[in-house]
Amino acid sequence: MTYKVAVAGCTGYAGGELLRILLQHPEVEIGVLTGNSSVGERLGDHQPHLAPLADRIVAPTTAEELAGHDVVFLALPHGTSAAIAEQLGDDVLIVDAGADFRLNDAAAWEQFYGSPYAGTWPYGLPELPGARDALEGSKRIAVPGCYPTASTLALLPAVAGGLVDPTQISIVAASGTSGAGKAAKPHLIGSEVMGSMSPYGVGGGHRHTPEITQNLLSVTESEVSVSFTPLLAPMPRGILATCSAPIVGDVSTAIARATYEAFYADEPFVDLLPEGSWPQTAAVVGSNRATVQVVADLAARRLIAISAIDNLTKGTAGGAVQSMNIALGLDESTGLSTTGVAP
Amino acid sequence: MTYKVAVAGCTGYAGGELLRILLQHPEVEIGVLTGNSSVGERLGDHQPHLAPLADRIVAPTTAEELAGHDVVFLALPHGTSAAIAEQLGDDVLIVDAGADFRLNDAAAWEQFYGSPYAGTWPYGLPELPGARDALEGSKRIAVPGCYPTASTLALLPAVAGGLVDPTQISIVAASGTSGAGKAAKPHLIGSEVMGSMSPYGVGGGHRHTPEITQNLLSVTESEVSVSFTPLLAPMPRGILATCSAPIVGDVSTAIARATYEAFYADEPFVDLLPEGSWPQTAAVVGSNRATVQVVADLAARRLIAISAIDNLTKGTAGGAVQSMNIALGLDESTGLSTTGVAP
Amino acid sequence: MTYKVAVAGCTGYAGGELLRILLQHPEVEIGVLTGNSSVGERLGDHQPHLAPLADRIVAPTTAEELAGHDVVFLALPHGTSAAIAEQLGDDVLIVDAGADFRLNDAAAWEQFYGSPYAGTWPYGLPELPGARDALEGSKRIAVPGCYPTASTLALLPAVAGGLVDPTQISIVAASGTSGAGKAAKPHLIGSEVMGSMSPYGVGGGHRHTPEITQNLLSVTESEVSVSFTPLLAPMPRGILATCSAPIVGDVSTAIARATYEAFYADEPFVDLLPEGSWPQTAAVVGSNRATVQVVADLAARRLIAISAIDNLTKGTAGGAVQSMNIALGLDESTGLSTTGVAP
Amino acid sequence: MTYKVAVAGCTGYAGGELLRILLQHPEVEIGVLTGNSSVGERLGDHQPHLAPLADRIVAPTTAEELAGHDVVFLALPHGTSAAIAEQLGDDVLIVDAGADFRLNDAAAWEQFYGSPYAGTWPYGLPELPGARDALEGSKRIAVPGCYPTASTLALLPAVAGGLVDPTQISIVAASGTSGAGKAAKPHLIGSEVMGSMSPYGVGGGHRHTPEITQNLLSVTESEVSVSFTPLLAPMPRGILATCSAPIVGDVSTAIARATYEAFYADEPFVDLLPEGSWPQTAAVVGSNRATVQVVADLAARRLIAISAIDNLTKGTAGGAVQSMNIALGLDESTGLSTTGVAP
């Protein structure tokens, strides 16, 4: 069977990556593509890399245009998904690449997003224990944020396995600039970002902080406290998340590796690298793969876990398609690749 | 008075940056330039940006060539400085950009460098309490490592002021590729580093770890424990050090800022940025300036302190010249600039 | 039917890109992978992006190892293909990504490559008139150079259509650093190439010059003279070829566009962009697509034709697989994509 | 004597580079800094690398603010300089980094800039024969465009010396992104420019085309026809101009080099590189130096001349200060450096 799929928000980076992946997906037919300020224009003018769709014309993002599809991906500004979802009805699988339905804590939502709380949808991080059950057959999916995907995959086995004190977690995650979207802002022009590393949203203010905390809370009885610092790195794609927390008890690198190995043994898209190899973002560009490595620093009594993902693929569009596959009952890996485009 | 200065190791990045700065130094005359495999070649073939010295011929690194100078900078492989220093005698100011005389813990030296311990020289980080006294009139200077410079400047006021628990320090520092030197190694070629972030020396193994610890120990009675993770970033120059530690007691951002402000009030090369501004490496490229910012994350109960430096300037050659100025009794800022080359 | 395919030279960039594409090819089974200094090592240590092949062990490049395959790709140093081909016999399809069998002018070969002339094999640029006929059923394929692919595709319709004087052709082509291969050379390390544009092989000395000339000669009765200047650009992948030549007679942009449109109407991998759009290398990264644009500068009386390709895909490995498909009688596009990975 | 200098347009890249250079200029005192949308803001918020001026407040660009200075630099949008100059009077040295007074052909001005023609001022390319005479004592200076500076310096000796046919000139010049200014435009954000080469203004439409032609016309009796293609390169700074033209008569590389050597023998900021060395933009970043190399391609019968400059320094602000020095009767090199910041 072929599923007819629409993408709302087709001219941005998330929309473009969704289309790149959907073009390779054997069970999917790409239907309407909608936008906002670009309505009536050729997709090729906005996504010059999507040659097979170059002559598609951008339609307006309305329920009328999006109707008649089996799956609708939303790559829209925060706060707009609920209204569209309601209009589309309960029979359509809606996959929201935005944040609207990620947080189960209404207060945290309002504090970090400043808009009315809309509730939660099944969370599209299949590697999170229990997530696949919730996704199977679901008609709604909340795609995780890119930083939460990278950070959670790095820390999950350690927190679930009780290897670390989850009240003292530190995360420093460097992201490529596509994570900031396609809007032209002065600090994002090439002249400013090339050759520069800089932090932003420091001190607990980044919106992905409560999402990371929520994910880790799902695998521990303990409290969880996360210090999260995002960095803007001079590259278009990729996230490298460097995570650490105090070791609890007697945890060697060997024990940590065994824990991670077991945790991810059956995961098609998470690889614990061989000892001595470290994640590098270039190796996962364009792939849905997360690479992870872990080491116990016995002098500092801290476990260091590092992950690399492509923020647009595993961190957004690839993760969205992976979850869609589960929801539709397809093989989870359909249309997704673990092969990166490097160098 | 004009000081005659020699640079041993003139074809590498540290040597090149030393010469770039010395060319602007009004009290200095550049004498002999020595190298190893490049002996007899034009400097212009190795340092095409140093136009005024293009036709200088590289001499061999011997005591004979280096004799007759008031100041000798050593930018040599580890373990080679002691022998040369001994031959040059006690009247010459020797500034060692290498690691040989940085650590006061012989065991740590042997563990991290694997060669015989040579002792210590006055440590060229003038911002460290007491350092200027030791540097004044000294004939020997050990230039700090680039990561220790960035990390120490970010953490010093917090540790000295007792704002944080120094036994739980986490540092993630991203460096431009010039920090790895000029030797051609497969993982450092442009095709590999452009578009990629990757860690190395993870888990406490990087040689700069004990040096950072030693610096922080000098301002606290407490034990100090540092988890240090260096990252290779896709840019030629710059270090962004993201440091954090648990807050002790009631420390707000305002208190932290006041502490930093006071600590660095008289420092010519360290700037606490205005609240809301964050260090970015591009702004300090080519300058001897370190920018610092600090914030208290009260939710995570962690203080975040971030610094940016140019690894080759303040992190190596600029810091070396700053210390030389102190040793010679010159104004500390002579020949050094706080203006970066951006964008 | 599934073809069993070997790749000799699997650890370099051409070999890695061949494997990336072959992993997506539905009619291919990847057989032995051979190398030289890396024999016995995991492929994952050399090509960390090729996750599905990470645990493959590199075999030695010998006829014994390569025997028993339907197709053997050679990504080897110049001058080594002939001996291997002879040992493998006439039944095996050998696709040589090296230069050994590209030039039909023995004197030019010897002048530019300095080794004995080995002859020619059918030339794997299907867009060249007559090339498909020669490739169909062939057991030998000489894969074009990356610059010749980009330059030829930009100029072919103009020269074939008599729009320009082919004795006054100027080509300036900027390439990503992967074109220089994976060998660690001082001028190719990231610190040197990031932030820098530089030419090399200027003045007619680059080995791809006679190959470009040969291609253009095949579509004109005129003499052909090409001034070719390659530039090293600070990016891992991509070639942008800016080509120009004096206009002959009355050639407007409209006429030129019509000529190009007709010439490439049936080509699956060459796109004349809409008027006003210009090729950009990022849009074709990872794809087998060449984008082309042409304009008549009536003031300067010169036709400007510009193309963009991925040097490793359409410029090497993708072009190789495209030609393999033709030789095997498969659909020419099998396993190849026109979708790029951007941003 | 110290000259009091104002900079109008202090928040853009040209303004920032002017200030960076003026900070090093021993005969200059930096006076008022004016802007437009940034009036009342700290300069440090716009130019974080200019530490010594961080707390300066941006004033409005009015004749009142600019009055009382010896020198006023204008880094303003095209078409706005004439009105300000008139208000400031004839006693003030006005150095216009914009295009308003560059072209002596009113028709060309109107065709390329689409605004009323304002006339010409002495042209600030001292290396152009006769330029210094016109600049000495002048109260008005038109700073050349960045591409014309690079292209003219590459071609001048060849055209002046009759080595080439100036009716068949081809220029392909790759520029860093700062040449496009600081305005946030979608195609200039980091995600789009990193990893990509792309052309723009192709086919004779770029505004710098008539300026290049005008410069070359000043040294030849022949007609001049220039095909000019600018490329956007993934780096913040630098221009590499690859220029070529048919050789006239018997011109070897040796003859060409001798011609260039003689032409630039006394120029403090133009270096013909040793044979075999080629210009690279990284070596001139932050310097006022232009590097040039030339070779005769006897097979293609074309002379190739290549230059590298920093578009913001020699190409804009450094060239402006060099001309200011001449106008004021100072040593031409005052405050300017030939040392680049590399890597």
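Should a chain be cited, it is by its letter among A, B, C and D, assigned in written order, with residues numbered from 1 in that chain.
In this section, a contact is a pair of C-beta atoms (placed from the backbone, for glycine too) under 8 Å apart; a residue touches a chain by one contact, two chains touch by 3 or more.
Everything quoted here is computed from the prediction, not taken from an experiment.
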{"item": "Pair exhibiting more inter-chain C-beta contacts, B-D or A-B", "value": "A-B"}
{"item": "Copy pair chain B, chain C: interface residue numbering same or different (half cut)", "value": "same"}
{"item": "Centroid comparison with chain A (C-alpha atoms), farthest chain", "value": "D"}
{"item": "Where chain A and chain B are represented by their mean Cα positions, the distance between them in whole Å", "value": "37"}
{"item": "Chain B-chain C separation of Cα centroids, rounded to whole Å", "value": "45"}
{"item": "Touching two or more other chains - residues of chain B", "value": "13, 176, 178, 191-192, 194-195, 234-237, 280, 282-283, 285, 343"}
{"item": "Sites on chain A touched by chain C in the complex", "value": "13, 16, 20, 23-24, 42, 44-45, 47-52, 54, 177-178, 194-195, 236-237, 271, 274, 277, 280, 282-287, 289, 291, 337-343"}
{"item": "Complex contact set, residues of chain D against chain C", "value": "168-170, 172, 174, 176, 191-192, 194-200, 202-204, 209, 225-229, 231, 233-238, 240, 242, 244, 246, 253, 278-283, 285, 293, 295-302, 304, 306, 308, 343"}
{"item": "Parts of chain A lying in touch with chain D, wherever the complex brings them together", "value": "13, 176-178, 180, 182-186, 188-195, 234-236"}
